[in-house]
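All chains are identified by letter, namely A, B and C, in their written order; residue positions are counted from 1 within each chain.
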């Protein structure tokens, strides 16, 4: 299996506090990798190092190498804007822009100048909405405000918005944590569908969710990567004692 | 609860209520006294007072239009100059400046707001007016002299100088409100844009979109201040009751008319005319400020994105 | 990335860069204006400043003169304004913070905010009709009242905000011990908010010290030392206005010197407050 992202010896600091310790990992192409672990274990921080979202925090600092398609994204002179186009992100709480449904999805296409003309833009927006399994529910009201949608629909809109700029990797930071079970199920089905085209990394605090959607699972604790194995093995016969304690609910 | 407790509480609350009510009483009393004291001209001239172009107190002729025009024109010049700068400063502070610089910058901008109006006036007379007469005005006449705005004699005192002084004075006010509304925009909006590969400026535009109604409120608040600003503009606008398209010509505003003529208004009808025009100023600024407040509240209570994001 | 896309990409980054520079330029322009104004005041003010100037009363042109009576007048009227305005403003602020969630509180808060934006010259006219006309002449009393009316809504709103910063757990702790509300407010909440309230009061005092328009026809002006509240009274700001708009060079010089005193005082208050609050919060 070819690896899409290759992380070696990554340390991460907030000011003087070290949040991640010497993490190395290979993230495969067109699979779903889940990050699990107790809250505060660094799984979200780690996710955000993969598109350099932590750059927005002034005191944050990463050391180590993160290669995407063989290129180190922490090398000096890296184009962060281009990086983030390639590595899309979906957040814990849905965060649509105060615009119409159509304009939310069109936003990334427009700023990146991906469309040839108006018809092409329309087509791309509809494709993204279809891929995010939302088109059927919103096709009659593309021009109404995104805030009129339900929580689950808003989250799928944010997924559509991310898909529209044609990323290669999608990072998801607990995308279903604020949703009800039915909306959650839709997101999970979507994740499984999307891995045919994209490499997906999903952070979740829900171990059942990890076991349902992912091919590989990484378990973090106190900023360290404890174990990284195929999901099936992880949940039946983990290598590490700590992992076993965690997934059997002995702590966390 | 003990008896003294409840009596004490009632007394306490009543005393505070009186203090709070004083604010409503002040506004009601301003309105009442000004209407009372302007009845002579309200009854005598009616609406004609607002549309008349001649202001000749000696002949008991009172038309407020030149002052209304002067107030609006100087305020519009002030807004046109101040809006881009205020937005720029606020955006720089909230979105772009290194975090360590943001607070000192905010403090310096607040100091700009703390300088008294009469001091701006003094600076306007002796520094800004000569600069406009000798440099800026000459430049504008050389290159844009074909525009009617920039014709006429350059004295340094006039509409443009007034507008620029007003712009300097309302900039800190607009800036600080815009800064507050930008800070109220949830970080998740910025992250959403960045994650799509937006540049810093594109991200800022998303933030501005979120804050639109608050920014409008800030601008309206600035407009209210510009309309009511008195001392500085009195000192540099030239106090001439004329309506001229040229920005170099002297003009007058309602507030500066009051500042420079109220003390010498001895006869009843002249005083009534001045108080009536003051009443107009009061009502306009009251409504403008109320509107600004409503627009800013809309952001604070999160009727748009904040609630959902 | 295609050729076309690459071009678009670098153009976007250049635009972003330019906009950052532009906003920074706006900021440095605004700060530059501040420094320009302050340095003018410093340079031109210092040259006419002397101890005599701070003590003397205005004299006919050519005979020197000073701002002693104006400083005294400003101090008296500001003190009077604080005496009236602070209790009412702070009281109103406490009411708004502790009982102000009903319709009356909401309306009062809204009207207070709107009153803050009403031009101070309007307050001057109002006090003229309210105090000067019945008394038959301008007076320090009228000037002080006008300044007090400007203070009240400002102090009320800052007091309210400061009290609202006091954590609710402090109130609940005391109420749970059976203390009546008024004791809780006076003994627990107000002391906790006192630095903030004092800060707001000082800033309001700085603000009214710089007011000119409401004094023009309430306190008018005076050429003499005068402690009587029923007489016209001089003030620094009106004196600056008169000197600045006078025809003579020596008057202009005195306007700058008086401004140096006024602005120095106001900046001093602002900077002091700044450092006090920095430690506290």
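As a working rule, a residue touches a chain if its C-beta (ideal position, glycine included) is under 8 Å from a C-beta of that chain, and two chains touch if they have at least 3 such contacts.
These figures come from a predicted structure and were not determined experimentally.
Counting C-beta pairs in contact across A-B and across B-C shows that the higher total falls to B-C. Averaging the CA coordinates per chain and comparing them to the mean over all protein CA atoms picks out B as nearest.
With centres set at the average Cα position, the gap from chain A to chain C is 51 Å.
Distance between chain centres (mean CA atoms), chain A to chain B: 47 Å.
Chain B and chain C, compared by their mean Cα positions, are separated by 16 Å. Shown for chain B are the residues in touch with two or more other chains, namely 199, 202.
Among the residues of chain C, those in touch with two or more other chains are 12-13. Looking at chain A, one finds that residues 81-82, 111-112 touch two or more other chains.
Chain A contributes residues 51, 53, 56, 58, 81-86, 88-89, 91, 93-99, 107-108, 111-112, 147, 154, 158, 161-162, 165 to its touches with chain B in the complex.
Of all the residues in chain C, the ones that touch chain B in their complex are 12-13, 15-16, 19-20, 22-27, 29-31, 33-34, 36-37, 40-41, 44, 87-92, 94-96, 98-100, 104-105, 107-108, 110-126, 128-130, 149, 152-153, 156, 178, 180-183, 185-186, 206-207, 209-213, 216-217, 220, 237, 240-241, 244-245, 252, 255-256, 259, 262-263, 266-267, 270, 274.
Of all residues in chain A, those touching chain C in their complex are 79, 81-82, 111-114. Within the complex formed with chain A, the residues of chain C that make contact are 1, 4-5, 8-9, 12-13.
Taken together, the chain B residues at the contact with chain C in this complex read 1-2, 4-6, 8-9, 11-13, 15-24, 26-27, 29-30, 33-34, 36-37, 84-85, 87-89, 91-93, 95-97, 105, 107-112, 114-123, 125-127, 168, 171-172, 175, 199-202, 204, 221, 224-225, 227-231, 235, 255, 258-259, 262-263, 274-275, 278, 281-282, 285-286, 288-290, 292-293.
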